[in-house]
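Next, two complexes with subunit A in common: one pairs it with subunit B, the other with subunit C.
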Partner chain A sequence: MSPDGGLSIVGTVLAVAVGCAAASLWLLLPRGESGLRERAARRFGMLLGAVALGLFVATGHRLGGVGEEATFLVVSLVAVIGAAATIVTRSPVYSAIWFALALAGVAGVLLVLGAQFLGVATIVVYAGAILVMFLFVLMLAQPTGMASYDRVSNEPLLSAVAGAVLLGLLTLFIGRLSAGPPSCCAVPTKAAALAGANRPTDESDEADAASEPAAADTPNTPALAGTPSAAAGSSPTTHRPSPPDMLARDHVARLGGELFGRHLLAVEAAGVLLLVALIGSIAIVSRTPPEERLEARPRRASA
Partner chain B sequence: MTPAPLVLDGLVVGAMLFALGLVGILARRNLIVMFLSAELMLQGVSVSLVSWSRHHGDWGGQMLVIFVLTVAACEAAVALVFVLQAFARTGRLDSAAWQSLRESNLPRVVDHELPASDAEALQFPRLTPAGVQPEIDEDEALEREHV
Partner chain C sequence: MSELLPSPTTIAALAKIGLLVGGLMTAAAYLVLVERWIAAWVQDRKGPNRVGIPLTKIRLFGLGQPLADGLKIILKEDFTPRHVDKVLYAAAPLVLLAASLAIFAAIPFGSVLPPLGIEGLPDPIPFLVAPALDVGVLWVFALSSIAVYGVLLGGWASNNKYGFLGGLRSSAQLVAYEIPLGLGLLGVVLAAGSLKLDVIINAQAESGTWYAFAQPLGFIVFLVAAFAEAARLPFDLPEAEQELVGGYHTEYSGIKLLLFLVSEFLHMVTAAFLIVIMFLGGWHLWGVTGSGQEVTWLGAFLRFGVLSAKIFAVILFFMLVRWSWPRFRFDQLMSLAWKVMLPLGLANLVTVAAVEEFRPQLVEAFGAGPAGWVAVLIPWGVFFAGWIAAGLLTPSGTDNTPIHTHGPLDVEHELVEV
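And now, the complex of A and B:
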């Protein structure tokens, strides 16, 4: 998106793309039709979806390059197509399988964006654990044949329009980020912190404000040196680490140092949360419905 | 200070995943598909967070995504238990089976003119039976009852 002049053209293309996306989703979602009409609508919806994706690709001028960006294009297309197929597929089992494909795409996106550990963790945690749990529940609970509620949607037109409006607004906002100086809330604090780190006077007052970016500036600091004074004292330099810094070879080690240094309490809280969820789910699932409990009581008395 | 390359693209992909998840959770009626859509929205937020992490060159976004993963695992465990309990009570995975919980001023959801059954039944290829019926050994049939 060029900063000036091209914005209106990009906006028009974006509007057309969003409209195509909404129409395609509306055609693809189950609407209780059957037979030839549904198949024709589905084909037309897929065509419209391809058009929408192509227009989206056309609006981003960086996409379609070579190397990293081409990889990003491919994996993001996999993610988005998998996500769209997840929500429009009739059978929930196929839906879960498409979700696995979307997860693979998301993992690829995270890898390209420089989060190697998170890409692998997404595959392991989501595709390996959560999705298998979903499939277990589906096997336990799926009635035979295709249920009626899988073939009808709640207000498919309105929800497709709602999603398309949200997507259009988000994309417009993101496009404006590239056009001008970003008016986002995160940038002024960063600039203020950088200015504060530059100023040699009143060090103690600025230490708090500068602590976060300063600690981020020095990924090499030992894990437990994350206290504000130590971090601000050890890194008077103001240069922002470039993104390739996160692609370093010891990426996971730095991530672990950050996780178990500054975020140690959050790790403990997450562990407690996992334990509570485990106990809670066991407690809920072992509670039988009232009518079965009446039957079960004499049996337990005899045993 | 314009964002680094791929940051905007990552944000757009995150927005697309989030919007698709929103459409799914609004439109679909199967409880499990609704749940998958919620997970899609989480994935969109994760991609956005990692993009911002790349933009700022620090670890905050990636840290947050790690905790998003943790909370998603907890949420999946608890919510799937609820889905199983709901299925045990109604025999359906339909969110409209619980519409007696709706607000009193909302109309009732009624399924109208559904096709009796899905017209396109799955057609699997069948092999033509050929030859003679083989003699089946009783003991062997007991051992391999599912073959």
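And now, the complex of A and C:
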């Protein structure tokens, strides 16, 4: 990207996009009004949201091939729209479904960018286990209905503005970090490969860390393209692979080596933490009040 | 412009998808017929044997029945009850069918084709839609957990207590049995060293030892969990027709019901594929198919035939089990998952990990040939130990005696009886 002129144009477009996104979210969040005014507000909010999405897409980098571009746009739009619909829908069951759709979109983004394990694990862990549990409880709780104060969002203005500003800052920051076409999908030129090689390691780590939470919200996070190769443990001095090369690599073995080599302590700590949580939940559940314990009898007492 | 034209790889992938979807749909239709024949045979009836070629008197053993059934159910009115949640009611069967079809992207349905010599195609061509997917087993796992949404939403959107109960039962059952299923898978993945299903078959073909023999405990755990995941009897509580009318699809009719029923059959087919590929050697048969990557045309079709025959045998087993076991009660179902299958699965995993870790030492101590036998015998020892332990520790699995409280009425009743 050209140093100053290009950046300021991008910055202006981003600012407009952030403004549109904030206004759209504020209009869409449920606020307990009803009737014609609310419906008009929702329509206008959807329009503004579409404008914001279009602007965000316009500021992003191109991925290269037509197929990749189209697939990436579709899955990322699914992720963003699903995430927005999760917070603006009133029915908790529909919220959960939209959230599942957003997760599917995120998994799609990860798959397009070559992080197969992360993509599939997102579905297995979030959509397959956690969200099904949510749905289970939501569906059981549904018949009792909800109080009116549960049907409106708290502080819609503040939260919409804060979310949109965070999104804009992340997009700007990540976009500046990965100036130039993302190296995973374009055929790497020598200059691009050298640029990738010269990038300091801690900076790319920061980009990875920053792009993780933003994945659901930003349609154009080109730095994410660096995530699979960085997560797969390729040292920054190697050349970025071209697409067929990237598909042929044994992702899972590399990821496993990285997890149980460099990050062994973190993995073990997480495992111990989960075990403690498991034991704790069993201890809480199995604590019966003393009067029940007296009455509990062996089943065959009467036989 | 040349960028927009599909590459040979894309065309090959599309051809595989077409073959697979067409084959699966036809197979599902005819498996319904087989299931009805087997039901009739078990119950000493004749079963469907009338429908043959229309407008003639040729009956063809009833082979026209699936077509007639399909036409009937497709031409039925697509009725939507007024009390349902319309969007989710329509989406649920689609989600279920899409998930159960997409699973097959990672499942190999044969070995490889010999090189065709077309430029741009990889040689040899694998019988697999997505050969570059490095996480095949996880993909299957992920999409079968997506399939839960179809059942759950169908039950909830129906706004009917039977449907709702079916959906709840189904989600609880599927979530519970995912864990033993995963533990059974992990043992195989650990032994084969890959998440790709074709690599798992190759590992079994090369060693000649199917994982059902090397990991008997894992096989049993996986088999039971696969029955439960496919919601087949004795685990068909989500749609127990004596209690819940039709379970989660009580309110469905016409083509939407057809989608549900087809997906259910596809689940069974998926389970059979997984059982055969992971534990019964896939396309491998000693002395018939060979074990290398180099194949002739005859060899390629022989392997396809062996795999299909094995899958058909497992499906026949599924259908015979349906008429051989009574349904579990829900608490029995849950205690089987958490108290029996989970510990057994863990025991299997630990055994496999230990055997694989100490294999070099085994080879050093016993020599290459006997070490293989020892590596098989240790899991069998664990299998019998686990069987005995499970039998001794959980005897109340079939305890159906009602719970008595000793009130005055009970005492009187007992006196009268004495």
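We adopt the following convention: the second predicted complex is superposed on the first by the 184 of 303 C-alpha atoms of A that agree within 3 Å, B and C clash if a C-alpha of one lies under 4 Å from a C-alpha of the other, contacts with A are read in each partner's own complex, and residues count from 1 in each chain.
Methods note: a contact is a pair of C-beta atoms (placed from the backbone, for glycine too) under 8 Å apart; a residue touches a chain by one contact, two chains touch by 3 or more.
None of the values given here were measured: they were computed from a predicted structure.
In the superposition on chain A, A:280 makes contact with subunit B only, not with subunit C.
Within the superposed three-chain model, A:69 lies in touch with subunit B and out of touch with subunit C [touch as defined at top].
When subunit A is checked against subunit B and against subunit C, the one touching more of its residues turns out to be B.
In the superposition on chain A, A:130 makes contact with subunit B only, not with subunit C. Look at A:97: by the touch rule set out above, it reaches subunit C but stays clear of subunit B. Once the two complexes are laid over each other on the shared chain, residue contacts for A:121 go to subunit B and to subunit C alike. Once the two complexes are laid over each other on the shared chain, residue contacts for A:79 go to subunit B alone; subunit C is not touched. In the superposed model, A:252 lies in contact with subunit C only, and not with subunit B. Once the two complexes are laid over each other on the shared chain, residue contacts for A:112 go to subunit B alone; subunit C is not touched.
In the superposition on chain A, contact of A:140 is made with both subunit B and subunit C.
The intersection of subunit A residues touching subunit B with those touching subunit C, taken from the two complexes, comprises 117, 121, 129, 133, 140. In the complex of the two chains, the subunit A residues touching subunit B come out as 25, 29, 32-35, 39, 56, 60, 62-63, 68-69, 72, 76, 79-80, 83-84, 86-87, 92, 95-96, 99, 102-103, 106, 109-110, 112-115, 117-118, 121-122, 125-126, 129-130, 133-134, 137-138, 140-143, 145-156, 158-160, 162-164, 166-167, 170-171, 174-175, 177-178, 181-182, 186-187, 190, 212-213, 216-217, 219, 240-243, 245-246, 254-255, 258-259, 263, 266, 270, 273-274, 276-278, 280-281, 284-285, 289. Put simply, subunit B touches subunit A in their complex at residues 1-6, 8-13, 15-24, 26-30, 32-33, 35-37, 39-40, 43, 46-47, 50-54, 56-60, 62-63, 65-67, 69-78, 80-85, 87-89, 91-96, 109, 111-115, 117-120. Every residue of subunit C that touches subunit A in the complex is listed here, in rising order: 3-4, 88, 132-135, 138-139, 141-143, 145-146, 148-149, 152-153, 156, 164, 167-168, 171-172, 174-175, 178, 194-195, 396, 399, 401, 403-406, 410. Those residues of subunit A that touch subunit C in the complex are listed here as 65-66, 93, 97, 100, 104, 116-117, 120-121, 123-124, 127-129, 132-133, 135-136, 139-140, 247-252, 299-303.
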